[in-house]
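These notes open a run of structures that come right after.
The same chain A turns up in both complexes below, where it pairs with chain B and then with chain C.
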Partner chain A sequence: MAGNEHDHEKTTIEGGPLERWTRGVITEPEKRNRLYRALFYVATGFFLVTTLFPFYWLLVLAVTPNSQILQGDWEISIGVLPFDIPLPTPQEFNVYAFVEVFQEIPFHLYVFNSFVLATVTTIIVLMIASLAGYVFGRLEFPGRGPLMLAVLMISYFPPAAFLIPLFDAFLGNAVVVPFLGIELFEAPRLVNTPGSMIMPFSALFLPLAIFILTTFYAQIPDGLEDAARVEGTTRLGALFRVIMPLSAPGVATAAVLTFIAVYNEYFFSSIMALGNEPHQWSPLVGGILSYQDQYTTEFNLMAAASIVGVIPVVIIVVVAQEKIVSGLTAGALKE
Partner chain B sequence: MSTEEQLPGQVTRSERSGPVVTATRWMENLGETGFAYLLLTPVFLLLGTIALYPLLRTFEMSLYQNILAATESEFVGLENYVALFTGGADTALPGTTTFLPGLETSGSFPFVHVEGLLRSALVVTLIFTLVSVFFETIIGFGQALVLDQEFRGRRLVRVAVIIPWAVPIVIQGMMFYLMFNPQTGFLTEYLANLGLVAGTNTFNDPLSSLVIITIADIWKTSAFMALLILAGLQSIDRNLYEVARVAGASRWQQFKLITFPLVLPTLGIAILFRTIDAMRVYGLIDATAGCTTVPSLSCMVVETFNQSRGLASAIAFVTAGLIGIAVSIVIYQQYKEGF
Partner chain C sequence: MARVTLDNVTKRYNDVVAVDDMNLEIEDGEFICLVGPSGCGKSTTMETVAGLTKPTSGTIHIGDTEVTNLPPKDRGVAMVFQNIALFPHMDVYDNISFGLRLRDFDTDEIDRRVEEAAEVVQLQGMLDRMPDELSGGQQQRVAIARAIVREPAVFLMDEPLANLDAKLRVHMRTELQRLHKQLDTTIIYVTHDQAEAMTMSDRIAVVNDGQLQQIDPPLVCYNEPANLFVAGFIGSPSMNFVEGELTTDGLETEYFDLEFDVDDLDAAPGDTVTMGIRPEDIYPATQAESLATASSTVDATSDVLEPMGDEIFVYLALDDANEETMSDEGASRASNQLLMSVDPDSRIEADDAVSVAFDRSKLHLFDTASGEAITHGVEAEPSAKRASATAEADSGGQHE
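Showing the complex of A and B:
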């Protein structure tokens, strides 16, 4: 924003009245404040329009019958302007597309799969990350720093670097100790099952949850844990019955972020379900891609499917925006 | 680690509580270090099998010929890497050797000499990363400055800014596919007239696709940048501004002398995070233009691994190495701060 202000001042230097106005802006604080306020509203408006426009576009496409989409006449004339401007508006109101989305392919099953995968992964991640968060947040032991760094480091590597051996193992091939050639065991065939996705998802999103929970668990005063221990609770008991409930906002934050991350994941979701079929546990990714692959010109259905798929996360964001903000910043900046 | 373990002293003293009590007592008697490592076991198991093992195994497979199981195939040393970097592996890779107009597939890269299709993948990945992170930083900064103000409707604006971040990648891809596909997109014609994208078959044109993918990424992830920068902005001591105002500093001076330098460390971390993340780009490309049109490094791995494990592993390891460079900068930063 500040850069814009600067440009603005520069570009308005030429011209009589403009020059006077510029000088006013520079010398009079009141005029300057008015300029800042105007710039603020312009910037806010710009961000609102740019972030929300793609959703509006999906809505327009979804309710416009496909034949009209293909004609592609999006220009409308606004009385004052001498020319037509390209602003898409719904040309008819065809809500039926939202029904058709579920009829052409079983789209609800894909969304259901996504929900199951996201829920199970979230539970697993919360369990494991709670233990780790307790350890990193409340215990002092040799190797704490390096271990946290190792977790951090692994979480940065690209999924592509993990894909090939995992895919082989999930196909049911033997798991071999690298460089030694010792066969450990034959993995069960996991492709097309939830396991082939839940395991990579858990590993991918575990580190973020660990860092969030470490931050929150570290903030619980030692006295509360000690009190529980005096009453005869074990250390684990204190974690699950005192520390976790007291850190409920942190646990909820980790849960929300993990759920969204799994729901949004693309890489393993698209690869581990081999045929993108709902009975192969293909999640949302498979559903949307089926529309792109099989119904290549049914643009209104693609848009409607996207809207249906995006509604759950929009609801989560609206309800849990505070948690998302605090979680993302805590996970990334560790404050 | 079932919940039963934590309820030893409770009324349910059935027969099976025998071993549970023993286990609990054993755990309680562990020293702090032992207890810590015990609780971390699930983390080690999960990250070990899903991340560390595949990483090492990928490296091993990249040293073997392109047969499925490394135990049966011939050890070829670094041949896969040589083939990648000299263009010898081109026939097995997706994409074309004339990827971007004016871009030679042979020549000296910033650090290494690369020929052939790997070069286009490197170029695509790096261009995408640099351009998208650059604009995300600027837009994210702008969004953060807006959200840092107190005004009515702030929550609403914040939701609007965050929502793109939460949109599933496949839907993000679909949005921009529908927005720029010449059959549906209302803007494609105008952008084509400006020479920004191809007017027909937009998603078969590598350069246009790269432009669109970059825009889509900026749209989605600026929010992430904004949130991190916002956290940095809000940790600045407000008294500093008070002092500056008393001293007669203008808003621009306040920004230049207080806000920017103090938010710079956060900005650095945010940029590194985004850089690492952007270098992994795959889903967005797969959902819009497809991996043969815009071959990023991750794309190359996915497109080749079904035909040749060895080659794909080599690409995967090159990708990991490239990201590893960025990661080690982060790690070094954390280390310096006394992790």
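Showing the complex of A and C:
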């Protein structure tokens, strides 16, 4: 027996270093765990660097004075390496840029515009998507499949396809019967108002919210809704008092996605706001772009403004994340 | 408190008839059980009373109000669900007071009522817990408290004990009975467990295939089942059924003949009938001699013995053929088998030849084709010498 074991050990030791290491990982749990841990750190490190590096770059640009950005020395030498590598490092530490952002233009008004647009759109989307999600997720009715498919199809349309007709409509041109020239009615002029942006945004982001909420609402046991209705709510009351609170993670997800998408939106709002001015409801990105004029581009201010603009979203995500987590742990849906 | 009346209530789902022309009259303060196998329409019946589903046709009254088209919240009913259905995001207090808060009661009144309800179901001191911190039985009590706190006219309970373990179920059964005595409210209780139905209810409504089979007090359902379904469904272990033909002087089956008076029966000789006898109404011939209403004896072989402690179930084979132990009909045993329950100190062994007699007064006859009961208990043949007329009268052979 002992001899046999010895033989066996000999064969394991044989083979190249890679083979020995592989066999070790397969047979020894400790080595395997070490490998898994190492892989975990490598993967996490990779994702952290790729997501946070642009943000770091932004920060470096913001604190570097504009003149230094174009002429500065962006290469650094790292110890043993025989050559310099390009890596953005702060050339100077000019925190004043974050104040200048608001002095140059009323940037806070642009942030406010985007914030209002995003908030109102999110509320509208959540209200309508909740009703739609309830109907699609909890009721049986003929034509549910085709209707759901129609919503899906519309969500695949490129938003730009709606732009020209919407712009025409929002300009307030009279609606005319083709060829006859009979004026039907005069549409309200909505360009430069939040209405011209909130309406298309709500329509564009509804399908996604409907899908998220449909899946979440469908999972709430029928018994809870029945209980609420027997206890004294209407179907709508049960939706808002029982089904929505229990679907908090889904509602939070839909809300955060919609909010961020609208907050960052530029394409529609840059066109619906005829000029890049805050009183025309030009959004956050419009504000950032107005640090650039015909002759100069103030990169440091654009970078600083970008960072300022991100802060509200960061706050909201952190808050919502807490909600999502608490919703997941408190959800005692054991049925 | 109110009467509940269902008139010709029918509920169809596409092609499936879940409830078929149901007529029920439930008295004020009555505890009524709807029993039946799974999918027989008893839960649907209850949902139509609660207002969670609208009947396809028919009307429902609670008290003097027609509620057929009222939403659940306006019907004055409270319901306890099989899956308990506590709102997981609210604590016990909020769960119990949910209905009161919706009805804009003032805070003091809500406090008082919640305290009272918690006291009835013995939940004091747990009002600030979340549902997932409670045991199954406590959750069920919260659900009951939530129902009683609104002082509803009618209580609906949809298999409220089905998700509890066996011991707790028996305990909650007595609690519910106590509660009924205390509240004196109309209770409609759905269950597939006939032990619950037998022990708790004032009347049992047996439902099958969406149709009401019989509605009577538990013991009437047990002793005088209206048809084959009720006979087979009520009672555990279920009744023995043997098919046979009625003759001028009794019953002729494939395995044995019985003699009794057929003159007063609502069936003619030559009719195909099914004889039903409960396991506890079959006696070994030696014991049967002391029984005034014993029938003639039947020879059989004991097959399998199931000692239960307080009694022994003896499976009797009526012929030598290899029995198929399962039959296709609802009955749990083959047509050539009889189940007899005997005293635990009885000395019957497996494969003994056993001669048994039936208690004639507990013998049921059903029309095989329609399933309707013909009689419960038969009289001895007038010419029979064994039974004395006085003993007959004492034991009360019941004719329908």
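Throughout what follows, the second predicted complex is superposed on the first by the 246 of 335 C-alpha atoms of A that agree within 3 Å, B and C clash if a C-alpha of one lies under 4 Å from a C-alpha of the other, contacts with A are read in each partner's own complex, and residues count from 1 in each chain.
Here is the rule we use: a contact is a pair of C-beta atoms (placed from the backbone, for glycine too) under 8 Å apart; a residue touches a chain by one contact, two chains touch by 3 or more.
For clarity, every value in this text was computed on a predicted model and none was experimentally measured.
Applying the stated contact rule after C-alpha superposition, one finds that A:Val242 touches chain C and leaves chain B untouched.
When both complexes are overlaid on chain A, the residue A:Leu163 reaches chain B alone and has no touch with chain C. Judged by the touch definition given at the top, the superposed model places A:Val135 against chain B, while chain C stays out of reach. Looking at the shared chain after the overlay, A:Asp226 reaches chain C, while chain B stays out of its contact range. Of the two partner chains placed by the overlay, chain B and chain C both lie in contact with A:Thr234. Number of chain A residues touched is higher for B, counting chain B against chain C.
After overlaying the two complexes on the shared chain, residue contacts for A:Gly16 are found with neither chain B nor chain C. In the superposition on chain A, contact of A:Thr51 is made with chain B only, not with chain C. Applying the stated touch rule to the two superposed structures, the overlap between the chain B and chain C interfaces on chain A comprises residues 232-234, 237, 332-333, 335. Those residues of chain C that touch chain A in the shared complex are 50-52, 71-73, 77-79, 81-89, 98-99, 102-103, 130-132, 146, 150, 156.
Residues of chain B touching chain A in their complex: 1, 3, 5-9, 24, 27-28, 32-33, 35-37, 39-40, 42-43, 46-47, 49-61, 68-71, 138-139, 141-143, 145-146, 149, 151, 155, 157-164, 166-171, 174-179, 181, 183-184, 186-187, 189-190, 219, 223-224, 227-228, 230-232, 235, 250-252, 255-256, 266, 269-270, 273, 276, 279-280, 282-284, 286-287, 297-298, 301-302, 305, 309, 312-313, 315-317, 319-320, 323-324, 326-327, 330-331, 334-335, 339. Within the complex, the chain A residues that touch chain B are 1-6, 32, 36, 40, 43-44, 47-48, 50-52, 54-55, 57-58, 61, 69-70, 72, 74-75, 86, 88, 127-128, 131-132, 134-135, 139-142, 144-145, 147-149, 151-154, 156-168, 173-176, 178-179, 181, 183, 199-200, 202-203, 206, 210, 232-237, 240-241, 260, 263-267, 270-271, 284-285, 288-289, 292, 297, 299, 302-303, 305-306, 309-310, 313-314, 316-318, 321, 324-325, 328-329, 332-333, 335. Here chain A touches chain C in the complex through residues 221, 223-224, 226-234, 237, 242, 245-246, 330-335, going by the rule given at the top.
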